[in-house]
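For reference, the structure I am asking about is given below.
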Amino acid sequence: MSRLTAEANGVFVISVTPFHENGAIDFDSLDRVTDFYLEKGATGITVLGMMGEAPKLTQAEAREIVARVIKRAGGKPVVAGVSAPGLAAISELSSAVMDMGAAGVMIAPPSSLRTDDQIAGYYAQACQAAGDGVPVVLQDFPLSTGVQISNATLGRIIEDNDQIVMLKHEDWPGLAKISALRKAESEGRRRISILCGNGALFLPEEMGRGADGAMTGFGYPEMMAEVVALAGNGEMDRAQDLFDAYLPLVRYEQQPGLGLAVRKHVLARRGAIASAALRKPGAGLQPAAIAEVERLIERQTKKLKELK
Amino acid sequence: MSRLTAEANGVFVISVTPFHENGAIDFDSLDRVTDFYLEKGATGITVLGMMGEAPKLTQAEAREIVARVIKRAGGKPVVAGVSAPGLAAISELSSAVMDMGAAGVMIAPPSSLRTDDQIAGYYAQACQAAGDGVPVVLQDFPLSTGVQISNATLGRIIEDNDQIVMLKHEDWPGLAKISALRKAESEGRRRISILCGNGALFLPEEMGRGADGAMTGFGYPEMMAEVVALAGNGEMDRAQDLFDAYLPLVRYEQQPGLGLAVRKHVLARRGAIASAALRKPGAGLQPAAIAEVERLIERQTKKLKELK
Amino acid sequence: MSRLTAEANGVFVISVTPFHENGAIDFDSLDRVTDFYLEKGATGITVLGMMGEAPKLTQAEAREIVARVIKRAGGKPVVAGVSAPGLAAISELSSAVMDMGAAGVMIAPPSSLRTDDQIAGYYAQACQAAGDGVPVVLQDFPLSTGVQISNATLGRIIEDNDQIVMLKHEDWPGLAKISALRKAESEGRRRISILCGNGALFLPEEMGRGADGAMTGFGYPEMMAEVVALAGNGEMDRAQDLFDAYLPLVRYEQQPGLGLAVRKHVLARRGAIASAALRKPGAGLQPAAIAEVERLIERQTKKLKELK
Amino acid sequence: MSRLTAEANGVFVISVTPFHENGAIDFDSLDRVTDFYLEKGATGITVLGMMGEAPKLTQAEAREIVARVIKRAGGKPVVAGVSAPGLAAISELSSAVMDMGAAGVMIAPPSSLRTDDQIAGYYAQACQAAGDGVPVVLQDFPLSTGVQISNATLGRIIEDNDQIVMLKHEDWPGLAKISALRKAESEGRRRISILCGNGALFLPEEMGRGADGAMTGFGYPEMMAEVVALAGNGEMDRAQDLFDAYLPLVRYEQQPGLGLAVRKHVLARRGAIASAALRKPGAGLQPAAIAEVERLIERQTKKLKELK
């Protein structure tokens, strides 16, 4: 099974975890949504992310999900989130998923970290816990973690830990961070892959700054695949036209807390999963929200037709 | 001078504070941007908000700004932010601005509040500090304050404090909160005005849920005025079409931290203020960001032409 | 195996987890420290607490520790911390430890909770996750969790969830909360056990307010047992005299972050565990700190002699 | 009027602000408590600290207090807290108090700072705002500010800003930070004064690590003066004996939130201020707490007699 490298690009969709109405994992839907993501242009899949309801799973469930998606993805790279409060849990889960054939693991910093040294020290320990040579994705998401990683500290972490081959970039605002990374690389620092998050809300600009693609979720992952492809061909205007058509829904799906219910509603509506249910304590969409989503989708469909 | 009531509607633009390059307040530009806001359709103006760089001002400066804007606004209602760590400072500033002819004051909760009782207790004390009968706008902005006000607690605060005539709504996600407020009012609770924030990122949906307008900033305030007007006429599709044309820039201006520099750049570009300078420690836009903004404006202009 | 009830009292020591220098769990020392706690007067033991380095353990290790301590404790009640980001993990661990014979489980609120309803809702779900009829200890520790539970909300949780039989009280300042709880009980609310935390820093006053004992750690657990016993006999002055003799060290051991290293140093020095090692990323005591601890112990020994 | 230097030592008491029952400042009591502090051995006084209820004052009141205390202190150095959300407010207040004859100003970091560069950058700007050559006390109090300053960053700030002549040390645990500072100075970095906070809870150990004294409050400031003097003479055992006699009350007064009410109760009881009233929203002590304080004072008095 191929391992993640610093050359990785395209779209790694953050997969949802489908549940039955009773809260049990719906493995048939997990197969179906895996197929769906790949059909819509994903170059890889990331499981056990925050939007995959990872903290709501037991460890046994988490492993079953990773195994199932790897099997179904048929050789496409699968990254597994292994963030945990302690290094032993990271080590255990990382070892398990790499044995199953994962392409790498993703680690966000625990929210207790504050100083630059604490952050850098943490990633040295986390890389060791992930396992010798295991490719690591650094998830930089201050809005959620409360941890701010400066350009200098990020550079130091990259230089000190060869295992870190990718940045899941979702600092916000973070466009300048992409530019700073690419500038440092042009001056000699080793290259890493930059895949962007934040529900793709800034994807055209991020591609313009030198990102390699996206690692996030959205009910219409084909948008991300097409924007990344068009940007890769230098067709920035067409990329932006397409993006703009989806933007009202991207924005709506980006609402903290509510966003995942929107995404699952869209995926269920598109037949990619059987039920939009979230595992407790998550709640589904209220009728007024569903009506808003439906209206946005209708308008989006119309705009997409006009683009062709 | 008219005072704010629970019937207020339209767009209260959160005014920027223009500075010279050396950090001094640019009062000529303050006059000009006040005119600009009103010409573009504002029904009122809010000064000393978070996006008005209020914490960077001395108290003397803060008062001068309020006086100047009230004078220039020619009778249009001016709301002043008076949030402060202590009640004495709130009382002092509120008394001063009401004497100058402000229409009301806006108060956000201090970030130390946690329990429902603490929040409700705080607003009872803050209303008293604001002064007997002074109209108060409750700013509900958890992303910035860290304080979450439940529907029940918000209802209790409204019932206990007649002075609170308006909600500056920027909970996120907050659409359901608007619906809950309106439902409670339909069942007998007294009505308050709801003006929405968050840079207008959800304005069409917020109007659809029953909001009375917007109280936020954006480099093109005419968008907010037109969307609110169209929504008021029930022309939701036209409102959304217009909104969508501006959305790429709305989104770009909504980046935490960076957003104000974008807004000031746009306002300076449009001639509403002389300089895009932020008072220290704020920083201006880098060239790459300026290029992105220019590109978005160019595309926006084109889309707006197509709409006509 | 006996289950925890609302009549529980005495001292439930929060057990350390002994490690070898290489980071492996030292099960022989775990046996020894279990014996030590019971010999020094503990009426029960709590494992997998924050000071038990629980987040640094794998789930398999966590279960092994619970099983080992239950076996060694010879019928004395053992409470297991099962706090986790998700309900599924709570359910899984709770079910496992209760099967092993635990007396109950302890649950702290996740730091994302803010409003009263969120907190009350969480405990309803958490009790269900813990399992039907499983005795639950509510850990109220705002300094660590950031979650503030008002007296009213605490009362509502107690009334709504019969499973909650005990409060691990470490709000700070929290003496008034004990008084409020006991007052509500005197007026008819069902009784719960109150065992106090915070490293016993306020134990005499807490007993005076109506607490039933302590659930915390300290290198000299006999102090807690004796203070609780003396207070139970109404000998408050003798209780305080004894407490005062230990207070300089209690205070030193209460330093956030550093405290556990102090505690393990003392336990190792007393022969209760083989090594003072913390699992990474924890660090041991520096020589200057060891000298300070030694000096405090020497003075403490002298004072205790004078007391007799 | 003398200015603060890096050689400062002894005890700078953090002064309370006395209020009448109706919330007005009690200037007679302010004079009296200033005398009291100096009679009890203070070498200086710090006003407008967090425990001086500074955020509850208007700016005019704040200035009046500084002027009054400077006048009454008769040449003893007075430090004024000037922390504020913005640099302009710091500049304005710093300029005002230095004109009145203050010995220096104290600045804590705003809680928004995270990365090392942000913290270092802030102090460069804050020193400039304080005014050219104005002596600055850096208040390092992570428990309250949420800002963690590493040893390396603290060193960088000291090296970059000659104005910083003193550290108000209340990191917790922070003993190692004192040792690290003194070590760097022994290796060539310029010396700064270290006065310790945290209600003197670790004063003997702090003096042992090389601190120059205390800058904090306690109802019996003579304890701090005597402990600092004894430690200065190398009489560490007598220092600790004295400290231990006061420790039960030190601990009780250290309760977050409640502590100031305890301190004011003690000061009122000792005749240093007329009323223990806190300005709203602060609350006074409940009867049960008063009884606890009285009991601690009675025991303390007895122990002090035994020491002689």
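Annotations for the structure displayed:
Note that the chains take the letters A, B, C and D in the order they are written out, and that residue 1 is the start of every chain.
In the analysis below, contacts are C-beta pairs under 8 Å (C-beta built on N, C-alpha and C of every residue); 3 or more make two chains touch, one makes a residue touch a chain.
The structure presented is a predicted model; accordingly, all values stated were derived computationally and were not measured.
When the interfaces A-D and C-D are ranked by how many C-beta pairs touch across them, C-D comes first. When chain centres are set by their Cα atoms, the one at the greatest distance from chain C is B. Our note on geometry: chain C versus chain D, Cα centroid distance of 33 Å, whole angstroms.
Spacing of chain B relative to chain D, judged by their CA centroids, is 39 angstrom.
Averaging Cα coordinates per chain places chain A and chain D 47 Å apart.
Contact with two or more other chains is made by no residue of chain B. Residues of chain B touching chain D in their complex: 55-61, 84-89, 91-92, 121-122, 125, 279-281.
Here chain A touches chain D in the complex through residues 114-118, 142, 147-150, 152-153, going by the rule given at the top. Residues 143, 172-173, 175-176, 179, 201-202, 205, 208-209, 240, 244, 247-248, 251-252, 255-259, 286, 288-289, 292, 299 of chain B are the ones that touch chain A when the two sit in their complex.
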